[in-house]
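Each chain carries a letter (A, B, C, D and E) given by its place in the written order, and its residues are counted from 1.
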Amino acid sequence: MESIPVEHGLILAAILFSIGLIGVLTRRNIVFVLMSLEIMLNAGGLAFIVGASRWGHAEGQIMFLMILTLAAAEVAVGLGLIIQMFRRYKTVDINVLSEMKG
Amino acid sequence: MDITLADLIPLLPLLVTTGTAVVAMITIGIKRDYGLTAVITIIGLLFAALSAAYLMPNTNSQVTPLMVVDQYSLFFTVVTCATAMFIAIFSYSYLANLDDHKEEYYLLLVIATIGAIVMVSSNHFVSTILGLETLSMSLYGMVAYPVHVKKPLKFPLEASVKYLVLSAAASGILLFGIALIYAQTGTLEFASVVNVPNITEGLDDGFTITALVLVFVGIAFKLSLAPFHMWTPDVYEGAPLPATTYLATIGKAAMFVVLLRLIEASEALTFNSFILVISLVATASILAGNLLALFQRSLKRVLAYSSIAHMGYLLIAVVASYFVQGSISVEAVTIYLVAYMIMSAGAFGVATVASSSEQEFDRIEDYKGLFWRSPWLAAVFTAMLLSLAGIPLTVGFIGKFYIFFAGVEAALWILLAVLIVGSGIGLYYYLRIVYCMLLAVDVEQKFDIALGRNISSHAVLVFLLVLLIGFGVYPAPLMAMIETISTYI
Amino acid sequence: MILVWLIGVLFLGGIIAWLSERLNPNYPRLIALITVLLDLVLMLTLLGAEPAIGGWVAAIDAPWIPRFSISFYLAADGLSVLLLLLTAFLGVIAIGSAWDEIKVRAGFFYFNLLWTLAGVLGVFTALDLFLFFFFWEVMLIPMYFIIAIWGHENKNYAAMKFFIFTQVTGMLMLVSILMLAYFHYLQNGFVSFNYHDLLTVETRGPLEMWIMLGFFIAFTTKLPSVPFHSWLPDAHSQAPTAGSVILAGILLKTGAYGLIRFAVPLFPEASKSFAPFAMTLAAISILYCAKVAFAQTDIKRLIAYTSVSHMGFVTLGVYAWNEQALQGAIMTMLAHGISAAALFMLAGGLQHRIHTRNMLDMGGFWAKVPRMAVVVLFFSIAALGMPGLGNFIGEFLALLGAFRANIPLTVISAFGLIFASVYSLWVIQKVFHGEYTNSEFDDSHLTDLTHREMVYYATMIIGLIWMGMYPQSFLALSQPVLLDLISSTEEIVNIVVQN
Amino acid sequence: MQDLIWLLPTYPVLGFFVLVLTAGRLPKNIVAIIGAGSVGLSFFTAVIIATQFLSSGENYFIKEVWTWMAVGNFSPGFNFYLDGLSLVMMLVITGVGFLIHLYATGYMADDPSYSRFFSYMNLFVAAMLMLVLGDNLVVLYLGWEGVGLCSYLLIGFWYINPDNGYAARKAFVVTRVGDTAMALGLFLLFTELDTLNIQDMLYAAESEWEVGNDLAVAAALLLLGGAVGKSAQLPLQTWLPDAMAGPTPISALIHAATMVTAGVYLIARTHILFELAPSVQELVGWVGLITLLMAGFIALTQSDIKRILAFSTMSQIGYMFLALGVGAWSAGIFHLMTHAFFKALLFLASGTVILSLHHEQNIFKMGALRQKLPVSFFSFLIGSLALTAFPYTSGYFSKDEILIAAHGLEGPGIIFFYGGVLGAFLTGIYTFRLFFIVFFGDSNAAHPPEKEYGGWNMNGPLILLMILSLVGGFIAVPLDPVFGHHEEHHVSGLLHGFMIAVPLVGIAISFLFFYTKTFSVEKLMSNTFAQTLHKFWNNGWGFDWLYDRFIVFPFLWLARINRADIVDGFYTLIVEISRTANVMIVKTQTGYLRWYALSIAAGLLLLITIGVLL
Amino acid sequence: MIALFYIAAIIAVIATVAVILQTNIVHGLLYLILSLLAVAVIFYVLGAPFAAVLEAIVYAGAIMVLFLFVIMMLNLGQHTRDQERSWLTPRGWIVPSLLAAVLLGQLVNVMSQIDHELIPAQIGVMEVSALLFGPYVLAVELASILLLAGLVAAYHLAKTK
């Protein structure tokens, strides 16, 4: 009675992952893009926790910790880049970064 | 499973590298000195390489679940550290006039190397992710390094943002895939995904394949395989040359080693559809990479596109590994990776030697008449390009020979046909560059290529050339070594 | 060991020639000449050498890449020796033709020239297929440089085309070699690239045809034969004279050599069933390229197309695979090597003098340059197969042998003899006959052949007459080799047929 | 002494090399001595050898010099074979050849390329000697091609005029068509009989093939192909009239006396093969007949003095072919010899006329030359009489033999006979048409001759040839051992009288038309039918037109439209495809981050779909 | 407990959708925090209290605050909001959404074949820590290096020269 189907946890992660993906694909504001990336990473973390729960392992949680770490680092670097970008272009529009092509 | 003192010995290269990072950091903290930092880095990497080489003959241990230190990983540790050292040497003169703090660059370079070492020694998803992200994180910094300069050469910022966003998305995909695999197998180690106790009986292969494809796509992005390749030229072009070199050599090789170990351990190729997926990606990469490069005028972009194609060639050997007995395809991948690192480092090295952080010579026309202005540099460049094209006398041919051999043994006729077509197209753009260098000099001296300015970089070029030709003409020792280490995969 | 010396001397000489340019711009050509002459002398010792087992002289077999049992295996038999001599001889001639023409970066030029020759020598003597392929590719690079640096107006295109054609088809051959080696592995438990080992590989069935095709395409591209010939006119017309000499005189012969040495003996059965098709290609080459040659206005392109046409007789002869036909193919190789080289030199000399290759701008040169006219006449006559000169022996024997194998195709190919007269005489008419009217070019340098040039042409003329009047000295060298090849393939084919 | 037979071609070859290597630096008289002298030496040697041979009583003699090539069982050698047939040929070639050389020393005296001329001539004589003396078909082929080459070189001797070049190339290419057929014949013979030594081959053929064997027919046909090419017989006759572009001694030597009769020699030499293929032998007769008639009609309409002689040559060779076709081998060769005398005479005489008239060749611009050019006049008179087979001139005997032999043949023999007679009639007309127009009537010359051109070196040969033309018919040719003794044919006296009379009627008609002008040519030409016929004949029965339309123009057209080589177009297409693909795929590199991200997502979706569904 | 899972899940999904639909960046951030907290609840339900806590503290707390700082630094005003509105056109949405939807469909399809009830086992701090400082101690060290890399890179990039 006290149980949740594994697939539901995974599907939730997939939904969040997809939403994050949509965010990355549609938003032109780079801050939102970064946030969407966080959603994707978080969805991955969720999937690991589901896995950990299914196997009764702590390993999934450790992986989650690592994701947390890398998300933090990524956000730090990403925000640093956003600051530089805003300084240079005075906008957060990601499309200004299209000078290289071909 | 706890770490013991005995475990530290196999980790020596990693420790030396980390120590180098720490020492460099402390030095920077005490007094900023560009030269000193560079020297510390170079010596540190040299020792790391030497220690790995020293350990190589008789080390084969699993250090904690995370890292496997066997001959194969040590071999690539040597290669990685050596390449990183070369890039550090190239960087020295390149960055010498950068109008900014330059010391952190070396710090990032060393940390990136740590990530790479972890990756080549990884047979566990946790260490894979950590190594990969350490490498990537440092590369974000390296790619965008000259961002503060008033008039940056190219677009390091744009390159870095593109790389970061897309790479993070790819990491997300990779992680999600790993999570699915974990959900199925219950372990984060590289383990077979075939015939494991499934979540329930009756779960068909679709789940496994989906998970594998997600992981593969995450890796394919890093290897810039088509159709996940589009970031490559932009990032290569925007990044400063040494960072591009790093990205193109160590970034690719470390990731490929992971892919190789993962595919071998997971037995993913038992799924026919997964073979199909890899074959398609290989085909697309070879064709897209070569076609994109055809009329490209930027040298870095040409090399970026060509790297796409080269990764495609490598995938052929990966596919072949399922069909052939023995380790020939692993050897093929290994030797091709080594060859690719030598020739890429050499090709970018020439450009690096010619350029500086103030002005990069990136257009092919910049090298017009180089053969007569600086025969030496042009000779190195030509050799590297011919090697990339897979012409004999160079190690690139030996690599291609192996891939052909693996392909023939595995009877992958279609992929071989693609390989031949791709190589044929490839010849065009490599020769285009060579031809440009052969043209008579009718432009004023574009750049100063005085030998004395950066003698150490030239020394590295000499070394790379010797390796290129040496292994091209007498590859037996290299082959013997690779044959031995390949049994560890 | 002498074979290693032959190749090594050229490699070394090339490097010295390159470096010597710093001392004096005239040194490189001198050094190159001395090097090739030295090689020629060394080669002559091969003629006197006692053949070891199996008729191979001066074999050297050293392990090279043990992983694949690849060895550094060089050996020469009569066939190789003939081609080696041709190579060295034309090497000397090529240096002669470059003597005054190449002034810019002469050191690097002679370096490339000598390295090309070295590669060719390797091709003619390698008995390990990996080594063979190695040399096969190695000779391309310096040739590429020769065309790309010292070529004419459209050199980039020509050099690129040359390189890509030969390289891509070379890769097909590599695949075939590897398949063969792999078959050897399946049958004998170890990989081998050794020629003698691979001869014993039994690759019957559909795959044999495919493997053979890999070789065939690579060789017929180099030869070249329709439909893989279209790189040649460009390469020839754009290359500097010495480049054309080497290309037409020697490089094309590597393809023919490959057919004789590898393509047929390794796959006797497939070759047998493929022969009608190959001979058809040959016939098409002969006629089609003769026709296209006639239409050309660029004199070098014209000669290039005639080369394709003449090499068709080689293919025809090889696939007829009997003694007369093979001897014909070999004699054609030798004689065409000299006659085509001479014609290219003459065309190059003409271009050097008046800076055009367009025949429409020429005419009536006989009065201006009578010696040159006579020499051109001689080589044109030789090229159209005049009895008494080397080319006749080759083509006659090739057709004679081919007649036994396939009458209709031989009849069709024989029409090439008529076509050859059409275009050869057309050149004479267009360039030397008619009235001398000059409006298109500066004729102040239109001078007759110098004495030095005359010496080169004289040696080549003597060579052709020798071949034409007493070909026995050449036939005798290749005869045992051919008999051996023929009997060995027949054995295999017969066994298969019995099975 | 017979062993020295190899010296025969060697002298002229040496002469050739000396002249070529000195490259025109020798004074003209030395060149003349070398050029004519080498052939003279050959003639001298030939005469000695001939006497020895005839006195030895042997039927043949072989001298082996060296093996040319030995490939398997194929081993032709440079061997000389002397029998009656080659003896005749050898003497004709060296003898007439020497006279013509001598004549040429005068004729070409003003030409700047004097030495080049004699070098070619010498080479020709050498090649011709190889042709007739070789004991195997390969050496014969060597000579065969060699004479073709020299013919080419000498027709195009005055290279400044492109027409000469065209004529030269036409001659070479058209004969090469025949040569190629002959080469194929050689291949066939060797493949079937394993030897190309003529005597061995014939012996083998005789013993292996029965009469009418398909292979024999094929081989004979192919050899006939070579023969008609070289001898300007139908259908490869078109080159000969144009070949008159060369200097006149060339026309005399090559295109009248020697080379063009090589076809006759070839067939005679391999007559056993033709006897094995009776259908082909009959074809030879038909070819000869048709050619002789056709050429006769054409000659009626020509106005160029040399072209008239050329067509008459063609016609006379037709007689020789006719002779071969009816099996009168000896008669054919006999006619070959007499023809060599009188046709050389006619050509050389015409040379004198032309030179004296400052290179005028149109007979209607001549006239009334009888007094001014007495030597030419007599030469022409005797030559023409011999040509029309006036009784007891040399031509009379040989033509007589041929016609009688034709008459004696079953089947088509009677057609051959009356055709031959008709040809003789035509010969009478056109020969004396030329004679009367040139030497009688009014002078139409733009530059009337001041004096007759030529000294002893030109007139001497003319006189000698006159004598030979008159009495040559009495020479007994030693051909019986070669061809075997054939039964003598006889015709009734009446028929014989008819044969003799017909050419005389022809002469008479000419006389009435062109001397007395009793009949007017203009009147004859007044109706359209006659005009059309005239035009048709004048254009050589339209053969040139036909060949141009169906062979030359299509070839040129093909060459023109495919100058750029359509095969290359295929590779260009590949390049274009790559280029287009590049343009298209480069567009995907937009530089927009979101687009890149989209591509990753799309790629992911695609791969998952493929992976899961397939 | 089960109900909690589904409620939290629905909240998480809605909040996440709201994030990517927002034009106001600060609102978006707040929704993101809501989403993260909902996920933290799910973690708790799934028997991973340690992860839940970290999710709340580190993710929703620290990292989001970092975002907030930067947003404040950039000081994006009304202009940006208007711009955002103009960017969020259906044309821009439709293709990525379809793509993501199909992808999701694929994932759900393969996942729904799983038929495993999971009875959440409690994996507390003890177990995680034991593992973390046992066999995975190397991971901890490597994570520190990863953070160092991030630190150095971020420091270098974000600084004002």
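One rule holds for everything that comes next: a contact is a pair of C-beta atoms (placed from the backbone, for glycine too) under 8 Å apart; a residue touches a chain by one contact, two chains touch by 3 or more.
Since the structure is predicted, the reported quantities are computational estimates derived from the model, not experimental observations.
Note on connectivity: the fewest steps through touching chains from subunit B to subunit E is 1. Contact with both subunit D and subunit E is made by A, B.
Contact tally for A-E versus B-D: the pair with more C-beta pairs in contact is A-E. When chain centres are taken as C-alpha averages, the shortest distance to the whole-protein C-alpha average belongs to C.
Farthest from subunit A, judged by the mean position of CA atoms in each chain, is D. Most remote chain with respect to subunit C, judged by CA-atom centres, is E. Computed centre separation for the pair subunit A/subunit B is 26 angstrom, with centres defined by C-alpha atoms.
We define each chain's centre as the mean of its Cα atoms; on that basis subunit C and subunit D are separated by 37 Å. Subunit B and subunit C have centres, each the mean of its CA atoms, that are 42 Å apart.
Subunit C and subunit E have CA centres that are 70 Å apart. Shown for subunit C are the residues in touch with two or more other chains, of which there are none.
The multi-chain contact residues of subunit E, meaning those touching 2 or more other chains, are 95-96, 99-100, 103, 106-107, 109-111, 113-116, 136, 139, 143, 146, 149-150, 153-157. Among the residues of subunit D, those in touch with two or more other chains are 586, 589, 591, 593, 597-598, 601-602, 604, 608, 612. Which chains touch which is summed up as A-B, A-D, A-E, B-C, B-D, B-E, C-D, D-E. Put simply, subunit E touches subunit D in their complex at residues 95-96, 99-100, 102-103, 106, 109-110.
For subunit B in complex with subunit E, the residues that touch the partner chain are 1-3, 18, 21, 63-67, 100-101, 104, 107-108, 111-112, 114-115, 118, 126-127, 130-131, 133-134, 137-138, 140-141, 144-145, 147-148, 160, 199-200, 202-204, 206-207, 210. Taken in their complex, subunit E has these residues touching subunit A: 1-2, 5-6, 9, 12-13, 16-17, 19-20, 22, 25, 28-29, 32, 35-36, 39, 42-43, 45-48, 50-51, 54-55, 58-59, 62-63, 66-67, 70-71, 73-74, 76, 80, 83-84, 87-88, 92-93, 95-97, 99-101, 103-104, 107-108, 111-121, 123, 127-128, 130-132, 136, 139, 143, 146-147, 149-151, 153-158.
Taken in their complex, subunit D has these residues touching subunit E: 598, 601-602, 604-605, 608-609, 612. Interface of subunit D with subunit A (complex): residues 586, 589-594, 597-598, 601.
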